[in-house]
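For clarity, chains are labelled A, B, C and D in written order, and residue numbers in each chain start from 1.
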Amino acid sequence: MSSLKPFSKLPGLNTANILLVESEEQFQQSLADALVEETSVTVNVRLAKSLPLPLENEESRPRIDLVVFIINLTSELSFQSADASLKYLDPGYFLGKVCFLVTNARNASVPTERLDTVRKLAASLHCPLLFAEDQTPDGVTNATERLLTILKVAAGLVPLATALYLSNLTQCTVPLDIDQPSFD
Amino acid sequence: MEGTSTKGGVLSLLSLLEVQARSRRHVPPQRSRVKELRAEAEALRVRREQLKTEIQTHQSLQRLRTSLDRQSTHDEEEEEEEEEEMDEDSENSQLLKLMARHTRVKDLLLAHHLIGGYDIVKTRHGKGVCVSVATAYEGVCLETYNLEMDLKPTLRICRHNVPPFVPLSSLAEQGDMQTDIRAFLETLSQHLNAFAGRKQQLKLVKEQHKTIEVMESNALCSILVLMFTVPKTKTAILCTLNYSDHTACLPARVQFECDVKEILESTEWRKNCSLLMETPLHKALMTMKKMGNIV
Amino acid sequence: MAAKQNASGSAESDQSSLAEQQTSRSFNRSVRVAEKERRKTEAEDPFVPALKYFSDVEAGTPLHGNDEFERNLVLVEKVAYARGLSPEAISIMLEFAMSLRMGTSPCVRILKCLIPATVVPQEAVVRAVVWLGVGKIPISTQILFIKWVLTVFDMIDSKEQLRAVYGFIFSFVTEENLCPFICHLLYLLTRKESVRVFRVRKLLELQSKLGRQPFLLHLLSLYKVFCPELVTLSISSRMRSGFRNHNSPWKSSLIAVQKRNGSLLASSDSLPLTIKDKPNSRKRKYGHLELPVLNSLVNKQAQAESPFSRKLVPLVQLSSFTQLLENIHRIELPAQMGSLLGSSLALQYLDCVQDESALLRLNFWLGYALHEEFLFCGDGRASQNSEEALQFLDKLLSTQHFLQEAFSSSEAFLYKFLSVWDGSLLRPQILSLLSNIPVVPSSQIGRLLFEPLMQLFFTSSLFFKCGLMECLNNMLLKWLTWHSVYALEDDLDISLNSHTSINMTLSGFKDSVMELVHFVGRLASVGLQLEGSHSLLLSFILDFYETVCDTFLKYGLPLVVMPPPGVFYPALFSPDPISVDRLAFIMYRYKVNLTSAKSQEKVTEQAFHISRQTFREFNNYVVIMVNCLWNSKMFHPGMGVQLGEELLLKSNVPQYSTSFDLVHHPAFLSYAVDFHLRCWPGRKDVDLDSIKHSKPWSWYLEYLYSQGYDGLKQFVPAL
Amino acid sequence: MEDSTRRVLQRLIRRIPTPQLKTTLEKWSGMTVAQRGSMDYTQTKWALTEKLLSLCEENDWTTKHITELEMIYVIDNPNQGMWHGFQLLDPEDDAHSVELTQFKEQFKSHLGELVRHVSVKIKKHTDEAVWIRIAWGDSFSRPNHLKPTYVVHHLQTPYVFVTGLTSKQKPLLSQALVLSTRHHTIKDANLSGRKLTAIRDLLMKQYQQVFPTNFPSPLAEKNETVSNPKIEREQAGPGAHRHQMACEAFGDGMLPQLQSAVYKLETKFKDHTNRTMTERDEPFKCIVKFESTNLLESLRYCAASGIASTPVTPLLSSIPLKGRNYFVITDNGPGPSSQMHQSQN
């Protein structure tokens, strides 16, 4: 399968292109709608269920500046598909052009191990790991803005900052277990 | 203690600011009216160009179509002059020709579909087909019924939306489906059309003849009991229509019941009987009304 | 009158009976009044005979085809679902059901309709529990009964007698199907004295049999809170909510009844609203969230029951301190804990009395509520930005502000919450909670605070950045204040938090503060760079450094840390004069601190040593400021900012060296022009350089000071 | 009047929720207009029951009236109790010309011959459905009106829907039905649920089925959402295809509200090395039960969203296809068991 390449195409003038990958195709739509609201730069959003992307869109697809994997922690499937999709990304992307967006992290029905696995994954790839509240409108707007902050840098629209630079500051780190008993 | 700490604090004020900033960002940038109009005009121009080209291609297509149609009917020499006419045409004539053929075939298919032929779609990569049978009555298109069939190992109906009271399975057995499907489909479509027709008639009756009471009917519309009233004497006549032949829209048996026997003896009611046997129900009733036999 | 009886019943035992009885009376009076009304209404309707039937129907009456029974039961149900049952009615029906006088079949139906109107008399519950022991009630019905008790727990008018039979109730844990529910009940009833070795052993035994069941863990963890010496197993804090709410059979009807009786209760509820948030936030744990009126009812119970919150008003008249001690000691169980948190007086006493166990309880429950509400929320309550959550946190905050310190549980919660925070959810509350946390040892600080905060800071909006700056500034202020308060001159050992027994050496404390300051330095420099040195962010950063520059003089912490260039230069060259002025002020304060430190170093022996590096940095900065603002010697060799000569020429800025002096500095240009116009009104052509001459220059400076740039004013003479 | 009648009435009124009570009584012929007017529906259930009982006295209603009322209520609220589908097999030639009146007589007489004490009430509903209420007694006891059986049959269709039928009564009813509908046999359709409408629609194919066709209906063409040009769905094609497949398998629009589907897997242990297990003669049993408020909806969603693989496994698609929600899968070839595994994810 052909892998997605970060520099195979020329960037557009004052445009940033983001790819949202989510197996459930729930949250990505609302995110996309909010993302294209951005007026300071033209943001193009591509939605995908998983990678690899179909070949036929190869030409129409602009250069992707940031790939976001949306993982719903309550479903194992969601994580697995994201994990499976990763190998269709060109290594170049992992220099600050990939990030993970986790939803439902505070849900009681989430096994703690899963969050840890996601952390480990993100950390091993030196990618930032964001958390989002997909239920509330505020949560969505906030998530959108954070993605935009990263996207703008990744698309080279922020002077004095590069994707790699930012990702060095924000990349996820595997926490040593913060399980000191909290009730005593 | 009461004054909760975050209200009015710097932090909450910051959040407030953020919200305001957002709302400001989301109003689209002010563009001057003139610019807008220019853009609009430009867009319209482009659209016009598109339409023009479309029209052109369509026209040329039409020409080809007509020529093709003539080819299929007329003889050669015209065809030749067609050819040379074609040659001075632009280099994409080949493509146009193909398109023309395509449209033609499609139209044929559509026509076939419209005149009530079944259209057949290959499903599951040729492992099965889906046949759809259209029904119509008096030029009114009614429901379309579908059958999905497996081809291998033997022809077998695996899915359909034919109403349960149409004896599909028995039909499949009788008109042996394996050997000639055509016959089977024929009978089936007869059944369905008849059923649709009867249903339609009943519907029409209910709509047009409020004075006539539909005493009883059934899902198959194979039995229908109506109540007439004779104008002057106001005697009630019970009319039972029995469509025992399910492939027909006309009743096989019509019988009247009335406690005043002599009415039924009368010639006009005999006529009515035959009338009901021969003409569609709602029309028959119409004429009967005209004759003044019923209210 | 159930409530009264047991109030006086318990009166023999404890000596604070006097006050208690008074108040319980006052409470009972209100109930009694309510009862009277109810009686009147019941007089004419056939409900009373129906009850009578159930009270004295003799055992073994056939059930099948017994229309009388049917009719009466229907009657009772009707009343129950309409207005709820009076205490007597509940006792009668419960007695009837549990005694199996007409067999087991009506049991369930009756239990389902036991909707209390006001309170549940406890001795009815106790009797029923006893019946559990003797009667041969089917297990499912037993479970249903316990569920019912759990549902109406807060409406049971007093729990003394229930506690008296703690041991008896405990004996049911061995019954496997009942165990979860019994554990829950015990959890609500447990007090310090009810924790015993054999019980712990029993539970551990059960655990080895049933596996690490959450309900066992929770009961054990509560035991552990009381008697850490007895319970030695480690309990992970990430344990899920152990006790699910079992109120399903009654929920809807309860709501309905509460709604209907709402007005009555609201009127009869005379409680300071401060208490209100807590119970309902705790309620949430048991899923009663949607019963606003129940809360007021609960408060009524709280008032009736916990002598403490009851004495809120007469607290002032409390004569002896011993009395108070007892009262604090008898504050019990979350609902009351909540009321405790709510009222400032309570906290005041709690604070000075230093009741360790009460605090433990408070912490335990608080940590619990926080985890429940914000970390392990159910699917339904995914959107947490609800009003309750807000009030809850605000309450907690005001409490912490009042106590001037954080609860360790809230601290632990914050660390976890940060690691899954989206940065906007309840931001003000979370950040201000965060600013309350006690000093974090420097070994932990990076992992617990900095890493999550870094990620959030750099991915979030400008406003978050400002907010975080504010928060960290407050955090530093608090730490420094604690230090200045708790630090004892003679030894360097300081206890930072009166309750959490963190003791750290001065050097340790210094390390933490240093870490914090450096961290903020990093954030600030990069943040300014990413945001194009936005002036709002800059001002928040300068706030922080205003705190930092005074650590020695204001808070007596022997520590001076200079701002990084990434902060200094943006401030110096920022286009708005305020920032420049504030920078000047900060530099001035640094100077004062450093000089005084130096002088101390001279006089006292055991003063601290400031590294040459710090001085060098400071001097360097001062030189740069002076050179570019006053002496207009920008870009001179041997300064922080250096550019190749030819480059500067290429830029073909005329006399670039002057371009950042007080006259040409973009921040002050307008002032310069204004000054020029005032100074030489006649002149048409503005020649700013003419301000540079000695006389006008001094006037110009005066003029600037007159515009309120005190930073500059103090900075200049300090040179 | 009899005590039993009173009890029947009491039970009935308790069953009918107060809001429905009014409408139901309006439709009922048992009360005079004045009496209807005198009813005050704001009163409690209890009071209403009392009132009706007194009315029962003065109009001396017989059980007939009450059952009449009950039927009205049940017909209006059919989605109660557990309904089971049955299918009549190999019809006789005149099966299609059976009409109501003769069916009524036939059924009553046939059942009468089979059981001494039985009270049958047949009512034709507007939508061509014939509703039969049977109160069973046996040779000694009189019909028990407290536990009636309800049967719904659409004439000329091979389907019958039954609720409240005990195994003892089943053969009797079957025989009566078979004879009076001119069929030879009747078999359990393996379809059951709380909603009569759902079961009926499923068996009689009265829901919107989707077939592959060259001529998409104008509706389908219309609802193409105009989305923001800046947003592009990469895998739109496959998604649409999945949706089409899902709709072909389970139907489009509102689907019959089925609550559950049960799969019973019976398989033999096959392994030459392990004789003892292989030679066990009784098979291993495994029961998979899918439950949902609207099972077909959820399954369709699973298929459409790609959670379940498409084309949909026969095991799932045969719920609407065969119109049954109880399956027994035995070892005839590895096929079904493997699919079973598939259907679980």
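We take it that contacts are C-beta pairs under 8 Å (C-beta built on N, C-alpha and C of every residue); 3 or more make two chains touch, one makes a residue touch a chain.
No experiment lies behind these values; they were computed from the predicted model shown.
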Highest C-beta pair count, chain pair: A-C
Chain at the geometric heart of the assembly (C-alpha centres): A
Centre-to-centre distance between chain D and chain B (centres being mean Cα positions), rounded to whole Å: 31
Rounded Å distance, chain A centre to chain D centre (Cα mean): 48
Cα-centroid distance, chain B relative to chain C, in whole angstrom: 67
Per-residue multi-chain contacts in chain C, two or more chains: 461
Sites on chain D at which at least two other chains make contact: none
Multi-chain contact sites of chain B, meaning residues that touch two or more partners: none
Complex contacts: residues of chain A adjacent to chain D: 19, 23-25, 32-33, 36, 42-50, 53-54, 57, 60-61, 77
Interfacial residue positions of chain B with respect to chain C in the complex: 1-7, 9-12, 14-15, 17-18, 21
Residue numbers on chain D that touch chain B, as the complex places them: 91, 96-97, 99-100, 128, 154-159, 203-205, 209, 211-215, 311, 321
Residues of chain D touching chain C in the complex: 7, 14, 44-46
Chain D partner contacts - residues on chain B that touch it in the complex: 109-110, 113, 119, 121, 123-124, 130, 132, 146, 148, 158-165, 167, 216-220, 222-223, 242, 244, 246
